[in-house]
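Listed next: structures, encoded as structure tokens.
Look for chain A in each of the two complexes below; its partner is chain B in the first and chain C in the second.
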Partner chain A sequence: MMKAIRAISIAILSIALLSCIFAEFVAPNHYAKQDREASNEPPSHRYLLGTDELGRDRFARLVYGSRVSFTLAPAAAIFSVLLAEIIGGLAGYVGGVWKSAAMAVTDLVLSMPWLFLLITVRAALPLNVSPMVSVVVTFLLLGMLGWAASARMLCSAGTQIRQSGYVLQAQAAGCRGWRLFFVHVAPNLKPLLLAQFWISVPIFILAEANLGLLGLGISEPLPSWGGMLRELENYSALRSEPWRFAALILLFLVVSAFQFVLPENAANEVRS
Partner chain B sequence: MPPLSTDDSRPRFVLRKVVRKLAALCLLLLFGGLLGASLVRFAPGFSVDDASLDARLSAESHEALRSQNNTEQNIFSFYAHYLGALLRGDLGTSRTLQRPVRELLAERLPVTIQSVAFGIAFGWTLGFGLAILNARFRFRALETASTLLASAFMSIPIAVIAILFVFAGTSARFAIGLLIFPKIYRYSWNMMKSSMSSPHIITARAKGLSPLSIVTWHVIPPLAPELVALFAVSISVAVGAAIPVEAISDSPGIGQLAWQAAQGRDLPVLVNLTLLVTAVTLVANSFSDLMNETFGARA
Partner chain C sequence: MKFALKTFWMAAVLLLATINSSAQGNELRFVLHAEPKTFDPILVQDDSSETVRYLTGGVLIRLNRKSQKLEPELATNWKVGSSGKTIRLTIRGGVQFSDGTPFSADDVAYTFRRLMDPAVHSPTGDAFRSSSGTVTTQVSGKDQVTITFPAPVAGVARLFDSIVMMSAKSALKEKAVLGPFMVGEYHPGSYLLLKRNPHYWKQDAGGRRLPLLDSIRLDIQQNRDTETLRFQRGDIDLINSLDTDYFNRLLKDAPGSVTDLGPSLDAEQFWFNQVKRSPIPAYKIAWFRSTNFRRAIAHATNRDDISRLVFSGHARPASGPVSVANKFWFNAKLKPYVFDRRMAMEFLAKDGFRRDGTTLRDKDGHPVEFSIITNAGNKAREREATLIQQDLAELGMKVNIVTLDFPSLIDRISQSFNYEACILGLLNSDLDPNEQMNVWLSSSENHQWDPSQKSPATQWEADIDKLMRQQASSTNDTVRKQAYDRVQEVVWEQVPFLYLVTKNALAAISPKVKNAEPTVLRPQTYWNIEKIAVQGK
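Our next item is the complex of A and B:
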């Protein structure tokens, strides 16, 4: 049963990823092109998921929005795990005061609800910026605020590695400082880093969706899943235009698929 | 290893733990408040005030606004001034709503407490209830269905869940519970599953105890420390979820206030809310740590 779900998940992610890569072929209409004669159109041969209130092709926006999420959530995840490695991994390796200080800051960040922190900080940054700047700001912010949980795990792993036999042997052989960290400690943190990366990607996709829905995400006219979900706020149109749920269904499928294709060790982390 | 053998030493041990936790809590709170104030203070456009463009204001009013802004320019002086006032019970005045923050918090806190309490109760009933049902009946179909349900709610943004509840004409507070539910279910079910294969459970089963008795008396009690920690985590998650839920359902609580303050860069409100939210989650976490250290050590 789980094998079948995993296979379906891989298929969903592959289709979504391929559609993003070949967006120009999958969705010939431009995501920003406004057809004022055809606003709020139902699905048709020309517009597969209809048009929004500005007459823009909803299908094209969905495909290009996927490209934004698929490119930048992993980028934010990489940034976040690197920060976690520097703060947590190094704290575990160095120990002492640095470890206590790093873990105090980590505890503080973890004690603030993630959504509260994210919304507060994003709202404090400029909202009326160009679409590309908003993309960078949004995902940089996700990376900068999403490191704490990973840092705690990396710290504990770093402490274990520091006390391991091979590190003691390396120290006895004269390998010290940064060289010891980069040659013997950091490579052994890789499996944990990879697990944290896989966990972070769907979390960041969901966080962008939450931010976008609250109007703090990526600026128009660049499409994003979060921005497209704002269409759901028009309650009166939802019953008569169910195709407005397309972005939600795609987001749901992709994030669910991520949960089932996570590597076993990452899945255990998510569960715990 | 702390001395636990005599009756006299135990209260002292607990007291020492409580004092240490309180000291750490105060330090973290002070630092958290400063962090919150710094984030907003250094945000671009912080010093820009809409009122300064109001042509109806006199030169004296503009001067008063400028001097007020100047006090807030230096983050440390602002924070020191704020803490001094806090000790006198003065939380400052909201820049956007022009009302004392204390009044705003007093008005809105009960709404959020209700929402968060409801969400936590709903999430725990659903999550823990399903975990107990799984442990009691051990049906593969039930386990798969529960896991898929938990995965489904982990894959939908909380803001969308709130929208769907508003659309259905139901209280959006359920959304808070549905955000908590997957975490409670997965964590508690994993703990129960590993506990089910431990020797004392096998012995209880061999002695012919009913599955319900085994779950009630032999599986859940040893997990109490972990469940307390999970409860503390669920408070933090619920408080965070209250922001989008209250913003979308137009519920006049702390979450909506935080949302409005964030949009209006209302520093006094944001600093107070950051301190409040941090205090709530830190107290919950410290309480669970203390329970674990005290009763976990005894066990």
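Our next item is the complex of A and C:
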């Protein structure tokens, strides 16, 4: 049963990913083009998911919005996991004062209301940046603020590895310092890093969606899932225009698919 | 037989009680979007407290929201002195506060003493502080009172619409009221119950004592979505100032309950930062300070599309700071800027701007790129900005849209001046131009495009200063109108604010509510509260 669900999840993610890669072919209309005489149109051959209030092709916006999420959420996840490894993994490996200090900083970051922090940091950024730069900045911020939970786990794993037999043997054989860390400790953190990466991707996708819902996400006219989810605010329109649910359904499918792909994947990595 | 008779009487009593309760249980319900900050009528600043003030307070002169004319209320007549420094009022006799204390000219004197007391810091009193000096009140007899101001106050009689009379003698102090309702119960965070004032002085044409309602329940409810849902369920009876999305929703589900009252006093406006000391490149400040540049933007912005796509047609292109809804002060000669890209390019060419492929460049070769900030979470403004972005892209301008949380936005437009252009709304609660003095005077902090100037930076700003002072110091409405018409013309010519659209006043009123005569002026739906009744409760 789980195998079937996993296969379906992989299929969903693959289709979504391929659609993003070949967005120009999948959605020939430009995501920003306003057909002002065709606003709020129902689905048709020309506009597969209809148009939004400004007459923009909802399907094109969904596909290009997915490209943004699929490209930058993994990038932010990599950035965040690397930060977590440097701060958490190293703290666990070195131990002592460094570990206490690193964990204190981690706790501080974990206790911060990240949403308010993001809003504050974003408000301080320069205004005259292109929408694409605003996307990168948004996900970079997410990555910079999202490392703490992973760091705690990596610290714990780092401590265990430091006390493991093979590290003690390596130390006895004269292997010390950075060499010991990069040759014996870091490779053994890899399964955990991979699991943290898979967990972080949907979290960052959802975080961007949250920001978008508050109107603080990616700048217009670039589409994002969060921005598109704002169409759900007008729920009365949803009854007569159910195609507005497309962004929500896609978000739900993708985030769920990540969860079903993750355990098997992570377990395999841990076993290996 | 005895049992049957007893049962009959019991049933009769119950029936009477039911009939009585349906007649007496005449309660209107609507929502306050925030907790009222005060019940003291002279300290009112927020919308919720203003609602309570309007429903409970008695005033000497009232503005009829429908005719936009002043009407006698607790003053049966009044006369403004030829100098504009005095107003003589005749007080209505036989009126009592809600606790039975008689109302007299002494109460008027007491109210004004309190209003003008510097220690009280009354925002309402600020309107009367036309210059330094004290406001004096002279009582002659029981029903005559003369109020003297140190300098002429333009439109002084109209200001009395917001001055709630207070009792000098009642032990209840500000809780003793002269309006149709009085505060009955207050459960912070939950609801406020206003009860009928048993001593209210008004009667209807048939001699019935007003108000017709027994009580008003004001639920404290911030969320607009919940408010709309509750209206649909019949839990509440009125909604003022509906957003277009909610209006459209109700139009589908309960078409008979929503009404578009036509243009309101509220406008959406767009302006450029012209502050010379602001931390943006000097060449951009030069663009923004150029009238040709601003007029080009005005011609390149399609207001009809904003009205149609953002407000579903419940708005109209604006021509200036005064809405067509403001019958007296609107300058009918002014028309909204026509959407014409060719004219826009002609204005830009005058300043040396030229097209370089798809990019517009200034005379020094800088590509024309700027950002527009607006408050996050306001979908209408974000959509307006997106439409403007595409309109200006057609001229070769690159516009970046940035949505900011409100405190950050206010900081940028009023403290750091680190912004290039901004879209915000203008909420007008008063018809009189004096209300906008703080926007038009170049020395004012709210002179948004270039605030707190030591001396007017341009000749046209000096002209506006002069005209605004002229209208504020005159008691002749014709002179005032001429001056303010000219202000509107200067604003139209110079475009310091680019007025996008005037929003329509949208309201929802349950079919159970009788005698409602909604108007575009606040409070739209319940301005004639004493005559409103609720059927079937």
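For this structure, a couple of remarks:
Basically, the second predicted complex is superposed on the first by the 242 of 272 C-alpha atoms of A that agree within 3 Å, B and C clash if a C-alpha of one lies under 4 Å from a C-alpha of the other, contacts with A are read in each partner's own complex, and residues count from 1 in each chain.
In this text, contacts are C-beta pairs under 8 Å (C-beta built on N, C-alpha and C of every residue); 3 or more make two chains touch, one makes a residue touch a chain.
All values derive from a computational prediction rather than experimental measurement.
By the touch criterion defined above, A:Ile119 reaches both chain B and chain C. By the touch criterion defined above, A:Leu214 lies against chain B and chain C together after alignment on the C-alpha atoms of chain A.
In the superposed model, A:Gln34 makes contact with chain C only, not with chain B.
In the superposition on chain A, contact of A:Glu233 is made with both chain B and chain C.
After overlaying the two complexes on the shared chain, residue contacts for A:Pro131 are found with chain C alone; chain B is out of touch. Of the two partner chains placed by superposition, only chain C is touched by A:Gly55; chain B is not. Counting residues of chain A touched by each partner, chain B versus chain C, the larger count belongs to B. In the overlay built on the shared chain, the residue A:Gln259 is in contact with chain B alone; chain C does not reach it.
In the superposition on the C-alpha atoms of chain A, the part of chain A touched by chain B in one complex and by chain C in the other spans residues 119-120, 122-123, 214, 233, 235.
Here chain A touches chain B in the complex through residues 1, 104, 107-108, 111-116, 119-126, 202, 206, 209-210, 213-214, 226, 229, 232-233, 235, 238, 248, 251-252, 255-256, 259-260, 270-272, going by the rule given at the top.
Against chain A, the residues of chain C that register as touching in their complex are 225, 245, 248-249, 252-253, 305, 308-310, 369-371, 373, 376-379, 382-383, 385-387, 389-390, 400-405, 408, 418-420. Considering their complex, residues 32, 34, 36, 39, 53-55, 119-120, 122-123, 127-131, 134, 214-216, 219-221, 230, 233-237, 240 of chain A touch chain C. Contacts from chain B toward chain A in the complex involve residues 28, 31-32, 35-36, 39-40, 43-46, 144, 151-152, 154-160, 163-164, 166-167, 186-187, 190, 236-237, 239-241, 243-244, 247-248, 258-259, 262-263, 265, 270, 274, 277-278, 281-282, 285.
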